[in-house]
Amino acid sequence: MTGLRYSTDGPDMALLTAVFTPFTETGGLALDTVQKQADDLVAWGSAAAYIGGTAGEGASLSTEERMALAERWCEVADGRLDVIVHVGHSSLVEARRLAAHAESAGAKAISAVAPYFHRPETVAALVDACAAIADAAPGLPFTYYHIPSMTGVNLRASDVLLVARDKIPTFAGVKFAHNDMVDLQRCLHLAGGQHEVFVGVAKLVLAAWQSGARAAIGSVYNFAGPLFRRLLDHAVRGELAEARAGQQLAQQVIDTAARYGGELAGFKALGALSGVDCGGCRPPLVSPGPEQLALLRAEVTELGFLDTGH
Amino acid sequence: MTGLRYSTDGPDMALLTAVFTPFTETGGLALDTVQKQADDLVAWGSAAAYIGGTAGEGASLSTEERMALAERWCEVADGRLDVIVHVGHSSLVEARRLAAHAESAGAKAISAVAPYFHRPETVAALVDACAAIADAAPGLPFTYYHIPSMTGVNLRASDVLLVARDKIPTFAGVKFAHNDMVDLQRCLHLAGGQHEVFVGVAKLVLAAWQSGARAAIGSVYNFAGPLFRRLLDHAVRGELAEARAGQQLAQQVIDTAARYGGELAGFKALGALSGVDCGGCRPPLVSPGPEQLALLRAEVTELGFLDTGH
Amino acid sequence: MTGLRYSTDGPDMALLTAVFTPFTETGGLALDTVQKQADDLVAWGSAAAYIGGTAGEGASLSTEERMALAERWCEVADGRLDVIVHVGHSSLVEARRLAAHAESAGAKAISAVAPYFHRPETVAALVDACAAIADAAPGLPFTYYHIPSMTGVNLRASDVLLVARDKIPTFAGVKFAHNDMVDLQRCLHLAGGQHEVFVGVAKLVLAAWQSGARAAIGSVYNFAGPLFRRLLDHAVRGELAEARAGQQLAQQVIDTAARYGGELAGFKALGALSGVDCGGCRPPLVSPGPEQLALLRAEVTELGFLDTGH
Amino acid sequence: MTGLRYSTDGPDMALLTAVFTPFTETGGLALDTVQKQADDLVAWGSAAAYIGGTAGEGASLSTEERMALAERWCEVADGRLDVIVHVGHSSLVEARRLAAHAESAGAKAISAVAPYFHRPETVAALVDACAAIADAAPGLPFTYYHIPSMTGVNLRASDVLLVARDKIPTFAGVKFAHNDMVDLQRCLHLAGGQHEVFVGVAKLVLAAWQSGARAAIGSVYNFAGPLFRRLLDHAVRGELAEARAGQQLAQQVIDTAARYGGELAGFKALGALSGVDCGGCRPPLVSPGPEQLALLRAEVTELGFLDTGH
């Protein structure tokens, strides 16, 4: 057991939010916005903020910016909310710096993707890379973040889990961001009650809950946390039809947003419409313009998403 | 014209070396080795050192290390050799810092891969990213480094060239590291006498020379510069059979080295055997051990590579 | 409604078997074996035999062989078992011949993959191809067989369903053989009570059942039908722990068999060990030899698969 | 030596045409057109007709149609032109039937792609499949047709050549349809004077000629044979600038045609404009309509292609 535990033996599912990074109009960090983001998460009951990951555009920030962001989040979370800092980087030197900093800043845990320029070719090489990062923050639980579409590292997450749990003293589990339900199920089976498997694909949340998953991390909770909260409550009470209707609405909202700049820029735009405005994305991502935003707003209103208090 | 010009109207081909980054046994930068590397390049006539790229494991270094390395190279080059600094990064903020630093350190030019975590999805977005980097070193020529196998960005280099030359005042050309000879030929055609197209695949050097290319950048010149020099001299004199025999030997040496850790760790190992020893690779790359090194030495000796003074 | 209906409003899941094609030692059709196969399916309650598909190596048979096989199955099924004939082919001319023949031979339904040499590039072109096939057997329900790993056609199955149901009078549904649970869920949602969605990945059967799927087609039921029958019975009775244990055992058996020649040759070998012996696979597939078969037998016995009457 | 030899020790390059299959308006075979096609090839000096391959939509024909087509070509060729019959099929049974038929019909040689539904996973399995086909036409030279984009078989052609030449008594060489110039060069090197390497990518013809290739097969020669003939004549006379200009014009024509339905439907449309009209493509390919044809004609006329007698 590693000190990072959101799943329980009960049916409830913990929702952790992979928060957007707020930018000013000129593209700098808008650290003032973090307070509002944290308050919003606390309000609807998000279990933690996962910062500087894919949705947080961590790879588009400088190391200094990533540190400033981590510090700000630890400050405003103030015990009301766990802060998990994503420290993955193409350079293990920078990743270790970020890991050590996260520990000193008061984060609850760290997490990292595989190195994504020079990529590990074997599970052993990948676990060694993770171990080097985890070792720089020896007091914090470490979660491997599996997201092959971004890293190009296609090694099975369940194979990584199998090796990492023996090699990394602080190994806490896997954040699984991939549509491959077979590998996800194998992770859940191998994890047993010992490690976390965070579902990282919002469209699979209900299916994964039915397969036994009890924790999820995603950017969709930036704007649809309450919707997922409700659909999971239905599921827990055995109201499966209502749960599926909620998941279905979520799917439609996600597909709609994705047509406005992909799952990152489109999601961030929807977040601005339905919650805290974190501005646009940094290049090379391209954010929707005002006209497109108006269309997006109309489409999700039509779906009944914005009206229902999401 | 941009001030970066290695190709001439004549038949000669310029060879620029994508230098390895030297590491100590414990994995730190071995800056003392740079002097030897530079002397070696000057000795056989390499036109320039391209530093911190794929072969230089730039993505595995911290920003501080990349700056220290650039400074050291500018120092030891001392006018005898051009220094081109690769400044590509997943974060444009860091890439711009590296670009500005390269200019102040006295580099001849900069170059960058596409952002490789959040990736540009259109040629326009990619050129915008390149423009942002180039703009941070306004006095230096900028070369786009096309290497889809590492970046996952598969936009055609010739399409990038077509747009970039109008959008980036300091645009100098393309470093083309891909087997797609059709796209390479289109780049050569579009470049005309105005921009450089650096052949980035050593196995295609002779074929690309025959197609009109007059400049190449590669890591293979760390250990096989003289071999390529000679085979191109044959080609220039119209001795095609001898040129092809040289290219063929190069192919065999490359294939052999690649079996000992891939084109990066294997090449670096061969470099240690046949030239300046730059140590192993940083994780997540895995370098061959002493036993494997002995086998590699035996294999390339058998090929006649090490005996002939390469 | 199309006359092909296995799903009910109740919780039961129908299991249809994608049967192996039996070969003699010299590689010819072993039509005598079909009787035994049909008896076995009837014995444990398989709802139908799906013949000449991927597991049936239809693409490795001649058209004449495919017809002979279809006739034999219709004969031996004799009303005890539905026969669904896969008629997909790289040539629509041959596919139409096979479709018309299936109807005249007395099959219950037809099904086809997308053309897989010259591939449709749009959903419209794919649906047109399906319509041409369906039209040759106007009295039989048509099911689109989605299996991108074999056909190279990556168009979303749910998009195909959406168009095909309006364009093909006999459209019955989709056989979904892909790990992408998100697309599968969208198919289930769109199908409503109107069309079938056959789960085609055995490892996802329980998860898909939980998502509302009520019918599956797979080759794994050639040897593990009773095991899946039991695990689904547990699920229906709300005994989720037992259901998951069964799915987990199935996973291990599948992974084990796949190590002996992939999911086709390995499965067929396991089928020979635990049920009706259909011989090896045709080239270019490579079947495990006697030594490997012994190892496979030992491994699955160790898992408790062969002992428990599976 | 195998009796299939187009390359000479001299500088000339043989051009073999991968002919289109002519269809009537209702999609049937238009065998009457074959005479005109053959006359055209003889007129400009094509060395052979390669029939029923990718451009010939062999995979979209029935086996009976493929046989009728082969017979017709052997008839009209009448010694003026070699006929090479592509007999590749997803089923080796059908491929062997086609091979035996080609021999009896009087073809000069056979050729086949790898099986493309159930695919060989190793070079050994692929060569075994080729051997089975070659064995059915023991008197005809056999050429392996490497085209990974269609077959999904990515095994290196040079590795296939290395094994096939020892295992297949009638092995004649490789038709190489892939942009990977490195593998092509290795094929040329390994082939020596013993086997043919047919360049299968028209855009690489000049580069491949410079690398030593002396034979090419392509569909582009259906409409641009004389253009390639002329550019190669320039190359042979050492007029490299003129040769490159010709290759460049070819590139533009190819890119233009490809925008009207891809390299197959677009090429066939251009063939109808500039030579023998073979009608449209069979589904699932989609041919350009009359309006698009007019645009295509305007574009290639603008390029100077149609006016110059190509």
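Letters A, B, C and D mark the chains as written, and numbering starts fresh at 1 in each.
The rule is simple: a contact is a pair of C-beta atoms (placed from the backbone, for glycine too) under 8 Å apart; a residue touches a chain by one contact, two chains touch by 3 or more.
In this text the structure is predicted, and so the values were computed from the model without any measurement.
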Exercise. What's the chain with its C-alpha centre farthest out from chain B?
Worked result: C
Exercise. When chain B meets its copy chain D, do both sides use mostly the same residue numbers (more than half shared) or mostly different ones?
Worked result: same
Exercise. Could you state the distance in Å from the CA-based centre of chain B to that of chain D?
Worked result: 37
Problem set entry | For chain A paired with chain D, centre-to-centre distance based on mean C-alpha positions, whole Å | 51
For this session: For chain A, jot down the residues that touch at least 2 other chains.
Result: none
For this session: Sort the chain contact graph into one of these: line, ring, star, complete or other.
Result: ring
For this session: Return all touching chain pairs.
Result: A-B, A-C, B-D, C-D
For this session: Using the touch rule from the top, collect the residues of chain B that touch chain A in their complex.
Result: 54, 57, 59-63, 65, 90-94, 97, 114-122, 125-126, 128-129, 132, 150-152, 262, 264, 281-286
Seminar exercise, completed: Per the touch rule, the chain D residues reaching chain B in their complex are 179-183, 185-186, 189, 201, 203-204, 206-207, 210-212, 244, 247-248, 251
